[in-house]
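Chain naming follows the written order as A, B, C and D, and within any one chain the residues start at number 1.
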Amino acid sequence: MTPMAKVFDYAEIVKHNTAESCWVILYGNVYDVTDFISDHPGGSKVILQLAGTDATEEYDPIHPPGILEQTLKPEAKLGTINPDTLPSTGKSPAETSGAVDGPVDLESLLNLNEIEEVATKQISQKAWAYYFSASDDLTSKTFNNTVYRQIVLRPRVFVDCVKCDTSTSFLGHNVKLPLYVSPAAMARLAHPDGEWGIAQACAQYGAMQLISQNASMTPEQIVADAKEEQVFGWQLYVQTERAKSEAALARLKKLPAIKFVCLTLDAPVPGKREHDERAKNIASNLPVRSAVQEGGSTSKTDTDAKTPAPKAMGVGQSLFWGTAADLTWDRTLPWLKKHTDLPIVLKGVQTHEDAYLASLHAPHIKAIILSNHGGRALDTAPPAIHTLLEIRKYCPEVFDRIEVWVDGGIKRGTDIVKALCLGARGVGIGRAALFGLGAGGKEGVARVLEILKAETETCMRLLGVERVDELGMQHINARAVEREIYDGPAALERPSPWSKAKAKL
Amino acid sequence: MTPMAKVFDYAEIVKHNTAESCWVILYGNVYDVTDFISDHPGGSKVILQLAGTDATEEYDPIHPPGILEQTLKPEAKLGTINPDTLPSTGKSPAETSGAVDGPVDLESLLNLNEIEEVATKQISQKAWAYYFSASDDLTSKTFNNTVYRQIVLRPRVFVDCVKCDTSTSFLGHNVKLPLYVSPAAMARLAHPDGEWGIAQACAQYGAMQLISQNASMTPEQIVADAKEEQVFGWQLYVQTERAKSEAALARLKKLPAIKFVCLTLDAPVPGKREHDERAKNIASNLPVRSAVQEGGSTSKTDTDAKTPAPKAMGVGQSLFWGTAADLTWDRTLPWLKKHTDLPIVLKGVQTHEDAYLASLHAPHIKAIILSNHGGRALDTAPPAIHTLLEIRKYCPEVFDRIEVWVDGGIKRGTDIVKALCLGARGVGIGRAALFGLGAGGKEGVARVLEILKAETETCMRLLGVERVDELGMQHINARAVEREIYDGPAALERPSPWSKAKAKL
Amino acid sequence: MTPMAKVFDYAEIVKHNTAESCWVILYGNVYDVTDFISDHPGGSKVILQLAGTDATEEYDPIHPPGILEQTLKPEAKLGTINPDTLPSTGKSPAETSGAVDGPVDLESLLNLNEIEEVATKQISQKAWAYYFSASDDLTSKTFNNTVYRQIVLRPRVFVDCVKCDTSTSFLGHNVKLPLYVSPAAMARLAHPDGEWGIAQACAQYGAMQLISQNASMTPEQIVADAKEEQVFGWQLYVQTERAKSEAALARLKKLPAIKFVCLTLDAPVPGKREHDERAKNIASNLPVRSAVQEGGSTSKTDTDAKTPAPKAMGVGQSLFWGTAADLTWDRTLPWLKKHTDLPIVLKGVQTHEDAYLASLHAPHIKAIILSNHGGRALDTAPPAIHTLLEIRKYCPEVFDRIEVWVDGGIKRGTDIVKALCLGARGVGIGRAALFGLGAGGKEGVARVLEILKAETETCMRLLGVERVDELGMQHINARAVEREIYDGPAALERPSPWSKAKAKL
Amino acid sequence: MTPMAKVFDYAEIVKHNTAESCWVILYGNVYDVTDFISDHPGGSKVILQLAGTDATEEYDPIHPPGILEQTLKPEAKLGTINPDTLPSTGKSPAETSGAVDGPVDLESLLNLNEIEEVATKQISQKAWAYYFSASDDLTSKTFNNTVYRQIVLRPRVFVDCVKCDTSTSFLGHNVKLPLYVSPAAMARLAHPDGEWGIAQACAQYGAMQLISQNASMTPEQIVADAKEEQVFGWQLYVQTERAKSEAALARLKKLPAIKFVCLTLDAPVPGKREHDERAKNIASNLPVRSAVQEGGSTSKTDTDAKTPAPKAMGVGQSLFWGTAADLTWDRTLPWLKKHTDLPIVLKGVQTHEDAYLASLHAPHIKAIILSNHGGRALDTAPPAIHTLLEIRKYCPEVFDRIEVWVDGGIKRGTDIVKALCLGARGVGIGRAALFGLGAGGKEGVARVLEILKAETETCMRLLGVERVDELGMQHINARAVEREIYDGPAALERPSPWSKAKAKL
């Protein structure tokens, strides 16, 4: 924002409301976005609807800071708006995304479901749809949670359970909880505290935080008030234009709070999140247009689709724009090594085969996250617990070589404990943190962590366990899940027991 | 329609409204159907209700073109109607079966369920009942779909998924999708575009189409505007009067677009589709009469029932009239070879035993379709996925000898991919195409194919697979289904573990 | 009814409405039942409520003819009522138990569920409760039906299915259907046609009928119009007073239509049917009193309860009165042989052990009926299909020695076919026949048989089977049920795999 | 209550309604509780709300008699209230907790569900919440019951079932039912008859009773009118201040009716019972504050939380206050031996490992109770039936050394019989007794026992079993549960079948 910028009256802006001349106000600045209309990942219609107005409220919570400068040419910024000329009905984003029914008594919310319920009422329909949505029929999203209900705990009695210590470490960094906040995007959709608020809550409870590449705040903003001992990771979606990713990695070097890069692999192309696609529509009062389009494609290098004209999409689709689909073990990891010294955590492993392959890249790869992207990528993909059991069954040496983290479906302290019993180093929560934010800003996230910590401690005590490293397979009965997991591709190779029957035909 | 036909006024027609003298108007012609009343497969009441009126609207969508000429003697055609004398309230079929709530925005429909929902509102109760219905308690129809939900996908990561190619071939003919439209009958019940409209959509997406013998358009009409590379099959229900079937086979010789004959075996007698039977009733405002009748029978050669007097039936029952129930491997296949040079596809295989037997008839038989007729024949019959797994287990050599196609229950791209992983060459959709037609004519069918193509591509990419022939058992966990499939008839032959217990009695 | 009986005016009767002098009118006769009040199995209150009135309407449908004469001393009959003096509001039983909403179009009822639905509206609350009820939580009743849904059929194709023959034989007697009506009690509660009406329908369809000892008509009445080839069995609940049972067996000698005695074993004490107990209450407008009473007991020889004072009970409890609980293999069978030459069918076998024991008594015992009494005796008892599979697994020789019939839960022709595939000779229907009666008298029962016959034929044809004796294990996939059945009492005897773990403690 | 106490007028009391001077009336006495406010386990707010009033109605049903004297210093009692000065609206506890809709006809209640339904209407919201609540999502509470539905009974026929004897013994003491009332707390919340009423009902039916340490009446009161042959146990929650527990044990020596000490182990820390926490809130019209608090802790010796300031809690949390979490096999059992000669019953065993360990301490330990605390401690803990099957599988010798009792989920006589078949000596009911009390005081509890006795007898008779010691594994099919139980911690140690697959990667 240059000091010598020209100052406009609102009356001038409103005249430029067409595809031929399209101006918008953003954060008090006036931009001419006419040339950009056809390049907008979210489609041209959305922009044209806001042409000639103050678009800040719409724009703010879904665009990461800095993207404006990256996207528009400097000359697009025409000047600033005279605030006195703005119509009086304009609300700040904070005013609209805040509480609706008076302040929430967070302590009266006893579990994560109740927090989600309150947040659902508080946040916008668009935000809810983006957070809630998962691919297709939500099969994997649901399964992520119910798989924990299939596991029975085995409490031991007559054990001194006065002491209980939930602390552990991730990649050698001490944390107070075996819990981290997953790199969920767009936190400011829920509350102005955004990802910074999550960081505040994590500091309070000693939890780790992974920062989404699609965060609605810059990494610098998020870690601004971090405690000395606080641990962050940064999520990387490799961009088709590699230079952008390289620049991002370079930027991390100035942020010592960020201890590792979390390379996300479970969504090389976006899943089909229908709630999200529908909400887009509701927000804009336009007939929704699915990402599913004839000849539509999400990758510019797609050979089948010469002109992948982006149309209107849900929030998830928009964010995805530009993500590379051509990552491989042998090309991407060396490239990564060249551009960062940070250890790598691979997110999105869903088979024991890939877990095993990752373990072969230790110590460059230091951890994997078993994740189906919260059920948002491929529907009917397995829950992390399945993959964990696969690893235990087929290649347990993985646990010796790298850390194994899991996410998806965590609602209770008992869920956390079960994952740890099965060999997970820690678990991630995504939606829970965002709904906490929606329910009460940073205090809401803190309430989520408070509940999970207390539930985890109660569970450990009732199992007769003092430290998390004592948790093991003897504390759970996972038989109902064990019999569901993959048991090999060999079906076709079995000797046929039908030979006798065939002879009879 | 001879040019010298006599022209009647409507006032004259209305006088012939009794069983003694029964005239009807069809497509502008006037017919005396008095002699035919008792022969009508759909029962005499239906005709008498329409006696002395223009019956076109009722007649049109459920009678294949040409059947009128086949059925009535030439002298039954008395002449033509003077259109100016017709009552003004008469609507054309197109007007009544068309959209109800204004045009549907097809792109706002995100999945096949939403398309079915819209179609259900758009089409007549009779059409809906015919399409929706399945036998008895819909157990198999439901199972056809839910069995896919029991299969878990196994996404691989760090695989370049920029390219994705859904093309494959059926019987050596290239297609762009591993997908075909099943030979579903009576498409014009849903929309005047009918089977021709389906062909248009298939052309657009490179899908194969099987033409029902009970299509509401002639094969010639359906393939009229086909593209050069388009692939069709023609479904044969062998008629008790074999000459009719022979004539039909002869007719195919002039239609090179039709590449094979699909002999339907899974419905030698009609299933009991109660929705369909009930709808018949609703449509005619008469108490419904079930096909289940004392002494009733569906085959003229039935030895137990000397006078199989046909009564009013659902659409399904009517269509079934005349179908032969005496087909056998040794009689029917040689007869078929005599009357057509086209390769044979057997539809309706439901056990590995029959799949194996079919494979012994290669190369005359080139493919089998595992199908329980959309759950419309025998309720509690297995879904195609069961039969596919049986073949894998007991006689995998079948896959080497013939192609194996499956149908039933497909709602998602992931369903298609799962079937391919299990060894299917391709999958058929029936109701989905018809509901697409109901929701938006040929564009509705195209939307169905567009959705399924996009979902299939997303699934393949997220599995890390570029071409359909790379899909295999390693990409799925079908264990939950594997333990349900048939494991042999040997229960009675097991050695008794009870000998000790018996001694104790 | 002696011709010289005194004739009373109604005004005289109404004076005797107390426990001290209690008169009732039954079928036009006047009885003094004062002495009988305390002996009434149904409790004294019920009688006192009807004291001084015409009790015929209440009495008729739940008391078998002849029981009046058996129960009351001859001098209790005081004379006849002058019908002109009766109040005009008296309705005949037929008037009240008949149709409510006009005549039912039976052909519009397409399956057994629809028939039950109509009957439920037509019959009295008391009748419905008696028929519908089962013990405790209806677990076994429900399971009886759902177990059939767990079995998958295996249709064979390319089989000539023109012919279809459902005939078979029971104990050497030819029947046209592998189906019989179970000895369900109190048919006249549903319709005045009663058990005679069931016999008429059975004659029409060639089905066998078992006559309940608690039938609401005499055996003589029921078989009165039987066809020459019709087959009946007679159900025996052995009475504590054996002489009563001996008299009944003697009476059968004059009824050649009755070919065997069906000794019911599955209800030596009554189950707890709460619907029935509640309905009793509703009918009498008195607080319901459960059969569950401190010190209450249903057997006069019960040593724990010296004064088994019967209180008000449901219909089922009342009927049970007097049934012996002391039957044994070694005492009861010889006694039975002494009193009847008819072959014995044992009803109520629920374990393979008892099936095996029964088979050792062939040929005196010629058949067993696997039955949990329609879920009305012990809740969570196994469905007949379980017992059938147990026999197949542990003692298949039973099938060689005796016939095995099954009942419980039959709703579809496919259910019948599945039972036959598993080795059953035939299946019984109980509630279905009674609901048929309730929906439309004898025509309603005929409709039930018509539907089941047609469904059975369709199923057989689609399996590629012509005769019932061709049905076998190869036509079904019962794996889901097989893994649920009893696998021996040996759990405690297994070698402990825990020895290593114990050592670690 | 000293006779020379000063007498106060109510007008004087109401002035002392602040934290600075806080008086309350309890049972006609006036107390100055100002000093106690901050020590109150239930939080200070609750007291302050009642400051200056007669708190008897609120206080009475949730505080055990005598606790007042234990807690307050003698000088806190200021005198008595002049009853004439009390406001007229005061109700006695009996008036408010009694019947609402007129007297309940207990005999019309046919099963335990109906009794719970009636009790739910009769008792206060707070009482209902305390009784109904279980931890987290009620998974274990629900599972406790449904696991019985998974077990199939195996009725034997042709067995003389005239006699039926439900008597057995616990620890050598004869009882008439294999049933006891679990040590459920706070019975007077349901009805003024309280635990004494339960004792009366147990006397009537010959059932054993375990007295809760948190009973709302003193042990002396409860056993006051016990019959000679009546058997009681007393539940011990060891207190952090051991002297309190030692005093309690000493007190038992004067109560010969109490035959054993039941040491409760399944709740060393309280579970999270959200219904209970919410009800607390409703009762006090204050925002609920969960026991889940940052830094909150339930044990004074907790090293992580220096200042465990108790806040408002549910009834369950309040009762828990002071319970020791540091019990161990080697410290606690010897201590116990020193302070009581009574045999020990361990309550809360949930694994076969702990059952085995307990059996090593026979004969000091004479029985164990398999219990997950009615699902109130750790959610997703196994039902007792799982543990019973584990013991059978891994260490059946336990049954030879000690008695094994079970509780949780009993609703039917068949449930009791199933537990006995699996080796349990008897079963406990908790909520059922309390709901019985709520439905009708001691007669309500008697009705519960009457129903269960009758159902048990019916079940035994229909299984062909005369005495409880004849019940065995041959009477049940528990296969569905057997395959769910823990099968060892060895998953990680299995040889990997994947070696071939790994090679292929």
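Quick note on the criterion: a residue touches a chain if its C-beta (ideal position, glycine included) is under 8 Å from a C-beta of that chain, and two chains touch if they have at least 3 such contacts.
Just so it is clear, the structure is predicted and the values come from calculations on it, not from any experiment.
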Message: Quick check on subunit B against subunit C: do more than half of the interface residue numbers occur in both copies, making it same, or fewer, making it different?
response: different
- prompt: Where centres are the averaged C-alpha coordinates, which chain has the largest centre distance to subunit A?
  reply: C
Centroid spacing, where centroids are CA-atom means, of subunit B and subunit D in whole angstrom: 62
Message: Can you work out the whole-Å distance between the CA centroids of subunit A and subunit D?
response: 44
- request: Going through subunit B residue by residue, note those that touch at least 2 other chains and give them in order.
  value: 353, 357, 489
- prompt: What chain pairs are in touch here?
  reply: A-B, A-D, B-C, C-D
- request: Within their complex, state which residues of subunit A touch subunit B.
  value: 136-137, 139, 265-272, 274, 277-278, 281, 287-294, 296, 299, 301-304, 325-329, 332, 346, 348-351, 353-354, 357, 372, 377-382, 386, 483-487, 489-492, 494, 496-498, 501-502, 505
- line: In the complex, the residues of subunit C that touch subunit B are 105, 107-108, 110-111, 148-149, 151-165, 204, 352-353, 356-357, 389, 392-396, 412, 414, 423, 446, 450-451, 454-455, 458-459, 461-463, 472-474, 477-480, 482, 488-489
